[in-house]
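Heads up, there are several structures right after this.
Shared chain: chain A. Partners: chain B in the first complex, chain C in the second.
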Partner chain A sequence: MLIIKLALRNLFRNTRRTLLTVLLIGCSLSALILTDAVLLGMVDVMIESLTKTLSGEAQVHRQGFTDNYDVDLYMPESASIESQLENDPSVAAYASRVISGGMISSSYNVGAGIIYGVDADQERHLSKLAAAITLGHYLEDANDILIGEPMAELLEIKLGDRVVITQAEANTGELSQALFRVAGIFKFGVRELDSNIVFINISQARKILGIKQGSHEIAILFHDVSSADLDPTGLLSSLTDDTTEALGWRALNKDIAAMLEMTNYSSLIVGAILFFLASLGVINSMFMSIYERIYEFGVAKAIGTRPFDLFQLIMVEALFLALLSCILGMSVGAILGEWYATNGIPLGEMEISGIAMNNNIPTVLASHQFTNFPVYVILLTLTAALYPARFAANIIPTDALHRSL
Partner chain B sequence: MTNAVIKTIEVCRYFGEGETLVKAVEQVSITIEPGEFTAIIGPSGSGKSTLLHLVGGLDNPTSGVVELSGTNIANMSGAQISDFRRDHIGFVFQAYNLIPVLSAEENIEYIMLLQGIAGPARRQRVQDMLELVGLNDLGSRRPNQLSGGQQQRVAVARAMASHPDIILADEPTANLDSKTGIALLDVMKELNETHNMTFVFSTHDEKIMSRASRLIHMEDGAVVRDERR
Partner chain C sequence: MLLLKLAFRNILRQRRRTILTVLSMTGGYILCCLSFSLTEGSYKNVIRIFTMDHTGHIQIHRDDYLQRPKVFKGIDDTPQQRQEILSQPGVHSIAPRVFAPALAYAGTRNTPVQIVGIEPQLEKTTSRLFDKVNQGQYFDVNLNADGYYSAMLGMGVAESLQIKIGDELILISQGADGSIANDIYIVTALVGTRNSWDRNKVYLPLSVAQEFLSFYGKVHQYSLLLADESAVDSITQSLTTALPTLTINPWMQVEATFYNSMEADKRGNRFTLLIIVFIVFIGVLNTVLMSVLERTREFGVLKAIGSRPGTIAGLILIETMMLAIMSLLVGVVIAAPIIAWFALRGIALPDPIDMGGIEFGFMTGEFSVGVFAWPMLLIMAFAIAVSIPPGIRAARVSPTRAMGSF
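And then the complex of A and B:
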């Protein structure tokens, strides 16, 4: 008990220095908590943006379709897959799509693009297509077409203008054409989507391609995004066989998934840098405290205090310093984290690896930030205090008594 | 057969080497008997403090033997010598003797905690020691709330609390005014006479010299005269 009493009182002998050190370590901890919370928030926003803009959290295709988007590789029995999705409790929404490349021509220009034939009702619940329309309206009539802003500029068209889509039919390869009227101009905020994709009704798409039924892709949204990884009802595995494959968003976007995984290491790197600097502060503070008390330690050793007792004393002082810092760091981290979780961090409109980030990023506070990180702080502070503690333990009484008088 | 508290045999303590070699203590052989009130005196740099540190186990001799209560302390390890000092030697230094964050009572209690003395006995002894040095009412005060003389009395009480064989005092009155110094010495002399406590001082204070039962004169690291009264 005496060692605890001594350590606590010693800690507040120089209140200003102790508070400055506590501020240094505490701010490092809160910075780490916030950094991690921002990264978690950014990952969540990126995943949401990636999956909810257009692609969904999982997709079902004919085996090999995603290799080169061969128009012949459609799923003729897609209706039965839709019926299975309809009955699966983990599925929140799904949308069938007919996808093919083609030429889009206006009176002034011509451009290549990807034609998405979509079910207007299904698509409304799955993607942000309806919300991305900046001019005009969503798909209503059979010959409506939705075009991205950059493509509209390229084709020099406006609402109500007519465009012609030219495609090769599935199976036969024969050229087929159809006339559409521009019903809406959209902007997802992702250049790749806005410049290259047009949307028409799925029935029209099937007609141009000569497909009576079926689709190339069924995009799925789950009630919980983790279902795409965990597949709790076995849906994705049941939809994967010799002819079809059902893949979650990570498998569909391997590069992006890998990049998101890398963000975990970002916290580690930021933490390492912050705590290296904080450790230097701890060492400095402890040494200053020891040098101020060197005569006192000389007397303490002279009257019979063992070297290990002094070592323990310094380590307990460091422990209290770390605990105080953790209280401060966790409090500041929680308050700021909570505030930014509600209000978000405004980043403006930006695109990272083809993912639109046009929302405020809300921070995500997680339990590990308040359990693991403080433990790291305590361990690192104690590690930083080892050297000063050893120095104090090895003080030679006669040297200490001579040095300070 | 002698029952000396301190016995040194041809003790030397050198600092530096070659041209910078300083012979702080040279071939000193002394014996201190129980109950003595001894002052080691001499001019500055004569080696009296170094000798006191050697017999207190704070420093190791370059050569020779230092025996405390019959135990050779020259080759003890760090923890062993710490324990030996704690149980057998009481120290009073020139100033800043006390741990500033502990009260007078806690400072006295500290050494008994190191000795592992149980709570009730410890607290009783703290009160006894404070009474011995006449500070019964000031036990709860911290060092910065005590005068220099009162602080030195607490240091004496702390030195006595561990029931040591000997108390070594290095210039204990150097930072005190004359009146306070005399009062402190009277306390120590009384403890010497009533409790047969052995005191060894390093000093050039006339007041201590006049009260000492033995004067060991040092010059250039060597004992030049040993005067018993």
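And then the complex of A and C:
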């Protein structure tokens, strides 16, 4: 108890120094919390934009389809897969798609694109397509086609105009054409999707390709996004065999998954640097406070205080310093983090791995930022205090009393 | 001189404190240099790769072809036109190009492609296409023995069509006059990889592509390489005045998404650095303030014997600057070899990141005066700022009270 009382008194003898040191450590902690919150926010935005826009959290394909989107590699028995998905408790929504490359021509121009044949009802629950329509309406009639803004501009078409799709039939390669009416213009805000993809009804898509039944892709959304990694009901593994494969979004987007791994490292690097710089500040200010009191320490030792007691005193001072800093750092981190969580951090226009991040990134506060990080800060401060504490413990009374006079 | 001597003695009085303060400033400085060098170097490297690979430093189009590519928006391609562009100071080489979307067929397979019509000899001087031929022969403009022209395919097209060198390729597209264009070509070469920019391209000789598209004597684009890539802005300016009827697009517009992402990333980096330096200087402020407080008595004496407040504030400023300069010297000595290593060797990212359509796979450093000088200015500015409050405090010391305080 005596040590605690002494330590507290010592800290507040030079309040300015204590405050500056607390500010130093506290700022490091809040910078760390915010860095982590921004990174978490970016990751969330990326995953959300990746999975919720169009591709879903998992997809089922014929083996080899994703290599070069060969039209011939469709799943003729997609209906039975769909009924299996229907009965799986972890699945929130699924959508069957027929995907093929083709030429889209208007009376003014021609463009190459990817033609998605989708089931209008299923797609409404899976992707943001219905919400992304900026002009016109969603797929209703058999001959409706939805076109992205940049492609509509390229083809110089407006609502109600006719476009012709030219494709080769599956298996035979025979050329086939079909006429569509532009029902809606959409904008996902993702360049690659908006300028390359058009949507038509799945029945029409099958007809042009000469496929009687089946589809190329079934996209899945789960109730909980982690199901794509954990596969709790064994759904994905049961759908993977010699002919079909079912993969979660991480496996489908290896480059993005790798990049998300890397963001963890960058958090670690920033943390290490901040801690290193902060610890120099801690050592420095502890030493200053010891030098100021070197006479006192000399007296304390001369009247019989053991070195370990002095060591303990300095360590307890450091502990209080760390605790104060944690309170400051956590409150600043929480306030700023909360503010930016609603307002978002403006990073400017960014596009990474085909994912556009044009809006402000909302920060994401997580519990580990307020449990683990403060513990690191306390441990760091205590480690930094070891050197000054040892120094104080080893003070030789005669020297100290002599020097300070 | 006296002030300098005094300041030097003062900072050496507390060696341990000086070393620790210098160390934290050094840490901040090295961090700034490294981050600065790595971002500048890596981005310059990426920019060099894609400008040399296919975009060129400046592209010339007709009207808004860059944003809205329509087949009919062509530049009249005459020898005089090319000569006029090439004669502009700083322009190193020029490559005329024609583009059109098409469907490519081989056997029963088909895939959407982009046709690129190029002048084989000029293209060699402007892009890396010639070096990227990994199977077969770089083509020429002549008919072969059977009366077919040759085409070069990107790897992605070749894989989708499962086509080999010597096979027939059928292209179907729409001509500039609205007619249906189709013809047969012989594949003479495969270029790039299945992930490179050329994956969905079919290269034809310029005159062949013009004939195919009924686009006689016109091109969609001139791609220019400059002798000095940093002169892009000024040469864009001079080309704009020299060619008022055409649109001059520097690479920043051609790869606008990448450029914006890069700028955003750099802004983010600068902000992070600023925060780290700020934290470093809270520590420095602490040290300087302490050193002033513990010398209150001395300052009192100095004032009593006639030193002016300005002199004392100047003393504190010089002391802090000395600390900063020492840190910078140590910092340069440590940072230089590290940065030199990054500049010479660089590190490859485990997985390349796609940034606004440009692949970013390699981190390399830049070794230049700016990389060392800008962080120096930053540290010096902070050092001056941080010496002001303690300086004012020291200057305001009242001699009687200071000396009375033991």
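The rule is simple: the second predicted complex is superposed on the first by the 385 of 405 C-alpha atoms of A that agree within 3 Å, B and C clash if a C-alpha of one lies under 4 Å from a C-alpha of the other, contacts with A are read in each partner's own complex, and residues count from 1 in each chain.
In this section, a residue touches a chain if its C-beta (ideal position, glycine included) is under 8 Å from a C-beta of that chain, and two chains touch if they have at least 3 such contacts.
Predicted model, so just to flag it, every value in this text is computed and none were measured.
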Partner chain in contact with A:G304 - chain B first, chain C second, else both or neither: first
Which superposed partner A:N10 touches (first chain B, second chain C, both, neither): first
First, second, both or neither for A:V118, with chain B first and chain C second: neither
Which superposed partner A:E296 touches (first chain B, second chain C, both, neither): first
Chain C versus chain B, contacts on chain A by residue: C
Chain B versus chain C as contact partner of A:L2, first or second or both or neither: first
Touched partner set for A:T398, first chain B, second chain C, both or neither: first
Chain B versus chain C as contact partner of A:M259, first or second or both or neither: second
Set of chain A residues, in rising order, touched by both chain B and chain C: none
Interface residues, chain C side, partner chain A - complex: 14, 16-17, 20-21, 23-24, 27-28, 31, 68-71, 101-103, 105, 107-114, 156, 159-160, 172-174, 257-258, 260-261, 263-265, 267-268, 272, 275-276, 278-280, 282-283, 285-287, 289-290, 293-294, 349-357
Chain A partner contacts - residues on chain B that touch it in the complex: 53, 56, 58-59, 78-79, 82-83, 85-87, 90-91, 93-97, 99-102, 106, 109-111, 113-115, 158-159, 162
Chain C partner contacts - residues on chain A that touch it in the complex: 16-17, 20-21, 23-24, 27-28, 31, 35, 67-70, 101-103, 105, 108-113, 153-154, 156, 166, 168, 171-173, 191, 254-255, 258-259, 262, 270, 273-274, 276-278, 280-281, 283-285, 287-288, 291-292, 347-354
Chain A residues within the chain B interface of the complex: 2, 5-6, 9-10, 13, 295-296, 299-309, 397-398, 401, 404-405
